[in-house]
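Two complexes follow with chain A in common, the first pairing it with chain B and the second with chain C.
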Partner chain A sequence: MNKAKKKWSFTSYCYLIPSMLVFIVFLFYPFAKTIYLSLFKTNKMGQAKIFYGIGNYKDLLSSPSFWNSMKVTLIFALIVVVGSMLLGLVTAVLCNKAFPGIRFFSTAYALPMAIASSSAAMIFEMMLHPAVGIVNKLLGLNINWLNDPNTALYCVAILTAWLNSGINFLYFSAGLGNIDDSIYERASVDGASGIQQFFNLTLPGLSPIMFYTLVVNIIQAFQSFGQIKILTEGGPNESTNVIVYSIYRDAFFNYKFGSASAQSVILFIIIMLITMVMFRIEKKGVKY
Partner chain B sequence: MKKKVVAVLLTAVMTMGTLVGCGGKTLAEQQGGTDAAAAAETTEGAATEGAAAQDSTAAMADASEVSGTEVTFWHSMGGVNGEAIDYLVKKFNDENKLGIKVTAQYQGEYDDSLNKLKSAQIGNMGADLVQVYEIGTRFMMDSGWIVPMQDLIDADSYDTSAIEPNLAAYYTIDGKQYSMPFNSSTPIMYYNKDMFAKAGITEVPNRLEAIGEVGQQLVDKGGAGEAISMGIYGWFFEQLISEQGLQYADNGNGRDAAATAVAFDENGAAKNILTAWKSLSESGLAPNVGKGGDAGLADFSAGKSAITLGSTASLKQILQDVNNKFEVGTAYFPKVASSDKGGVSIGGASLWALNNNDPKKLRATWELVKFLLSAESQAYWNAQTGYFPVTTAAHEEQVFKDNIAKYPQFQTAIDQLHDSAPEYAGALLSVFPEARATVESEIESLLNGKEDVDAAVKNMADSINKSIADYNEVNS
Partner chain C sequence: MSEITLRNICKMYDKDHYAVKDFNLEIHDREFVIFVGPSGCGKSTTLRMIAGLEDISDGELWIDGQLCNYFEPKDRGLSMVFQNYALYPNMTVYGNLAFALKVRHLPKDEIDRTVKQVAKTLEIEKLLERHPNALSGGQKQRVAIGSAIVRRPKAFLMDEPLSNLDAKLRAQMRIELAKIHKETETTIIYVTHDQTEAMTLGTKIVVMKDGLVQQVAAPAEVYNNPANLFVAGFIGSPSMNFFKALVTEEDGKAALLLGNAASGRKVFLEGKRAQRLLKEEKDREVTLGIRPEDIYEYQEAVDGGFEKNTVGLEEVVDTREMLGAEVILYFESQGKTQSVRLKPENQSKPGETIKLYMNPEKIQIFDAETEENIFYEREI
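This part shows the complex of A and B:
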């Protein structure tokens, strides 16, 4: 027994080497480097120049712009996660029944998955243009959607929700397929209405996939970048300056890698906390 | 228990993934930095000494020795402009008798290209010639990577008298021309001639105040939805400072020495601009059309606004979009008040020769620059893109004459350039990209009614001064 155990540990660790190498180069090293850089003031080349300790973090936590970014990010993530999951769920449930033209509809609902965020953003930019855009023309309004601090965030958030809904549609469709049809039959015999069936059978049946989708969606929402860069560049008045965009801006525009790294670390901590909380909740809400 | 451990590990990996998008690039920056560090350290911060030190190493080979040399040209021209570059480079490759082969590579927008350059500066992996936007000038000068164009001009006894003095002036610091202007533009005012005729306005306004005076007439009688669609663009703000004959930054606009603070708050330039802008905005004549140089163009082309401000390089696009629905007039970029005595400065980008310690490559690069500057190339470039011909010799080319006959509006741009004294060349600032973004964001707040003019000016100055101080702290 003892002998076998020893052998086990050596060879199996060898098998880990290739994947660990990839992880070290692309994950662990940059991760450590980011933490290291966040403790320094960096020069324009991105080299650590002056040790600043937790100064970058202190500066951030006392900067109104950073707190604004946090607020914007949370609102943005909330709209995106709720929006994309609802849209994905509704479309998946709609397409769960066989009817003529179902292929067309399922393709249409899954399509956002295949659209690059930047090209979608460019299309929306044209559609939302105040003078020549179709949205204002159809609604008969004269709203400067992307340049009004009151509407800009909702525009990018709704676009992102739609973009993310494609993959959710796919997950939920797969989840619905896994629910045994016979329980619906039994429920019908018992006289359960469609709505009761949905809330008592479909939703609990979807809960494992729902949980996974939720985690992925939250992380995805926090990382949205392309559409914001193209549509609003964080403006107007920083009303769409989500933290990922703020990191990009600081690192590659203002050449402040120290501050950008500190923001990355804070973002990491936030997402890790959220994910850990989610896994804790999972035990209560998810039925496998 | 085991499941919990796996879950936590998965969590950690998943969340780490969020960092990599940013961290990974920082890593590249870092690697780029370390090797270049020693080199950069010696030259950085002391731009002039650094440049002087390079003179000895940056020797240029003789034209006869360069056969078979390959050089790489990084540019940021997409679309039609990119095709024009490809055409010129192909022509150079086919026609040069020295056996030089040039590869032109599109490197994304100016910001992206500069970032890639920073990463690529490990040994000689980067480009030999790179196109950098005008606000990156100070950065490039201080980078320690470059061979000033002046050295090549002197070594080859090249005659620079044909180069437009106003264009060269921007890139000339302490009497030394650091880079070669390539795609230069100035902003001009575009106006809807039909609306002006309908409103019975014969005199085209030449200042923001005057736009305010005739604006209501354009809306009431001319049929305009708004008098002027003016994008919130840092470049316009800088131009309006130049037009007042005032300076953006201290130390002679950052040209005598690196700027230590902005000057537009104390000399009143910013206040004048913002007051005029705000009053246009409040009277509804200049609604907020968004950020960026192109933001106001769509309203104009759609026949909604009577006036717009834009780069000369947008002329073709505008004429194409308007498609003869109305007659497009061009006029000089407006001043703020009638008493202003300044002129416009230029925008666009210039060509920088990088020091790869290879005399043959340097010579080949210089040959390419000379080709790109030739009258024939410049006439073609101007006709294809709408950027200025860098050399006045191009004015004699048939291609240029045909083009100006087709687009007589372009003459305005050339006249305006010649009417502006080279002393209004504009500021040099190490943190210009950031400063420009700050200016735009504050103007946005002002127009949205979040702050008044004085607060906007103060916030601009404070924020940019802090950036300059931070930059000087770590980069000197």
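This part shows the complex of A and C:
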């Protein structure tokens, strides 16, 4: 115990200064400031003017618009997480075998990772265009995808799922590479079909990385912004007004920095709770 | 009942490179067949072709009268033990043992009964709830073997199953494998590069080199009647001694000159073997092979009255290895290290000269070009 204590020294802390500075300037200070602002009414410049206590939170919890945002966010996150993970998993499993042209497919499946969400959004906007878009042309339909409250959220969510699938493809490919090939050989001699091998060996083998990917995906889904800003701007009729977009709108259009800060704090608490629950479950769920 | 027949089995990875060429073998019920050879000789590839993990490039694989070339591994009714055990890391020992039965949708109580019975045979009952990463090498090995026998397959395929174990454990598992073979009454095909395992476990040994079968025979047969120079040198430890020798005729006997004629280093062969040698190889150079235990001290041979050649071979001892029940002396001859296995009473020390006697009845002669054993007697 004493020995360990002696090793604490001023010099060792000095090495932490550069990274701590970055964290303090870009993370801790804004975070503290957000909590602070959430307790005030602000002026147009975002300066705290009148102390409002938990008033901002009270207002939010009684606002139907906020509850709509929560609902939209949850649906959005659910579609994005399930969609992007399924897409990433299926493509990774497909590309786990050597065959001619594998590099082309691997690149194609990993590509969304490299595309900026705004450019992807522009492409989707074109594809979903009611008059000239390829989606309506192929399906022979006449739907105004992005302006119909019934479809807009799904369109944005599917685009986001595809965007996020690239990195998942990469995670799952790495995870699959870690599974020993000989257990598949043994399983095939043991009499397991491809599907049985997938559910008995591949999925459990991916469970450690699956957990990590899930946490990252949930956080990512909750924080999606660019594509919503470009495609729907929260509309039509608030049907795609996810909480991050609502924060943006309250802060920079309505100049209600206090309310925006309160929403940020609530979003933070939600993500933290989900992550904590996930880690609790992990201890039971991931087997080795 | 299980009969496995391999007919002209070939494995080609590219056009003119054979990994396995014209492999012919008949495996009868309850045989313990060993594929042995140096690494890269195609023994594992052959085993994997039987299992269905590798495609057969050419030839026919028959299992119980069915042509199985294109059967999926799961439809061949075989089970396999891998070198790295290939245990399912996410399942307990119980899950590992039960897997092959579970995927066949057997009733739960039957699976339970079989698994517990196998666990009892292999003495791993206490480990059933553990995961593979909490097992020692020897325990993993038992689980791997257990998951293979749980299904009562037509045959077990084992790919160097003992090579990851330490020497003591390996010897112990070797004995247990022999026991399991006896108890389960199943055919076993076993791949190893360790000739001790081959000799002790096998009822039939297949010696391979460079994708070609060199000899198929019972262990004692392979040891005493090797088909060619490679088999003679590969099986046995320390390995057989080889000397270059010139075949000449002296008084109707075959004399093998080990040096120039003046040195007088020669060995005589008599009888049928001499006739055959003179007929085939007179005045030609051959390779003489003799096992370390078939060389005696000259004096011992004279005292025993079975000395038949006129001169002993004088050699200078290089190294002495005392193994307890025997002593092995190493000496240089014809630029190669040779060895002789003597009784532990022998006191020769490195640097001393020792006079040796080769038992002519145990000498094997190999053709210098084809490397075939001239005295090899083909089984009928």
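In the analysis below, the second predicted complex is superposed on the first by the 280 of 288 C-alpha atoms of A that agree within 3 Å, B and C clash if a C-alpha of one lies under 4 Å from a C-alpha of the other, contacts with A are read in each partner's own complex, and residues count from 1 in each chain.
Throughout what follows, a contact is a pair of C-beta atoms (placed from the backbone, for glycine too) under 8 Å apart; a residue touches a chain by one contact, two chains touch by 3 or more.
Small disclaimer: the values here were computed from a predicted structure and weren't measured.
J.: After the match on chain A, would you call chain B and chain C a fit or a clash?
T.: fit
J.: So in the superposed three-chain picture, is A:S261 touching just chain B, just chain C, both, or none of them (first/second/both/neither)?
T.: first
J.: Given the touch rule stated above, what does A:D180 touch, chain B (first), chain C (second), both, or neither?
T.: After superposition on chain A, A:D180 lies in contact with chain C alone.
J.: Mind working out whether A:A192 is in touch with chain B, chain C, both or neither, as first, second, both or neither?
T.: A:A192 contacts chain C only, not chain B.
J.: More residues of chain A are touched by which partner: chain B or chain C?
T.: So, of the two partners, B touches more residues of chain A.
J.: For the overlaid structures, how many degrees, to the nearest 10, lie between chain B and chain C at the C-alpha centre of chain A?
T.: 150
J.: Does chain B (first) or chain C (second) touch A:M272, or do both, or does neither?
T.: A:M272 contacts chain B only, not chain C.
J.: Output check: A:S207 vs chain B and chain C. Expected answer is one of first, second, both, neither. What do you get?
T.: In the superposition, A:S207 contacts chain C only.
J.: Considering only C-alpha atoms, give the closest distance between chain B and chain C in the superposition, rounded to the nearest Å.
T.: 20
J.: Which stretch or stretches of chain B touch chain A in the complex?
T.: It is residues 7-8, 11-27, 29-30, 32-34, 36-37, 40, 111, 115, 118, 139, 225, 287-291, 298-299, 302, 304, 430-431, 433-434, 437, 440-441, 444-445, 448, 450, 467, 470-471, 473-475 of chain B that touch chain A.
J.: Tell me, which parts of chain C touch chain A in their complex?
T.: 51-53, 72-74, 76, 78-80, 82, 84, 86-91, 99-100, 103-104, 131, 133, 147, 151, 157
J.: Which residues of chain A touch chain C in the complex?
T.: 180, 182-183, 185-193, 196, 200-201, 204-205, 207, 287-288
J.: Going by the contact rule at the top, pick out the chain A residues touching chain B in the complex.
T.: For this pair, the touching residues of chain A are 26-31, 33-34, 37, 41-47, 49-50, 129-132, 144, 146-147, 149, 215, 219, 222-223, 225, 233, 235-238, 244, 247-249, 251-257, 260-261, 264-265, 267-268, 271-272, 275-276, 279.
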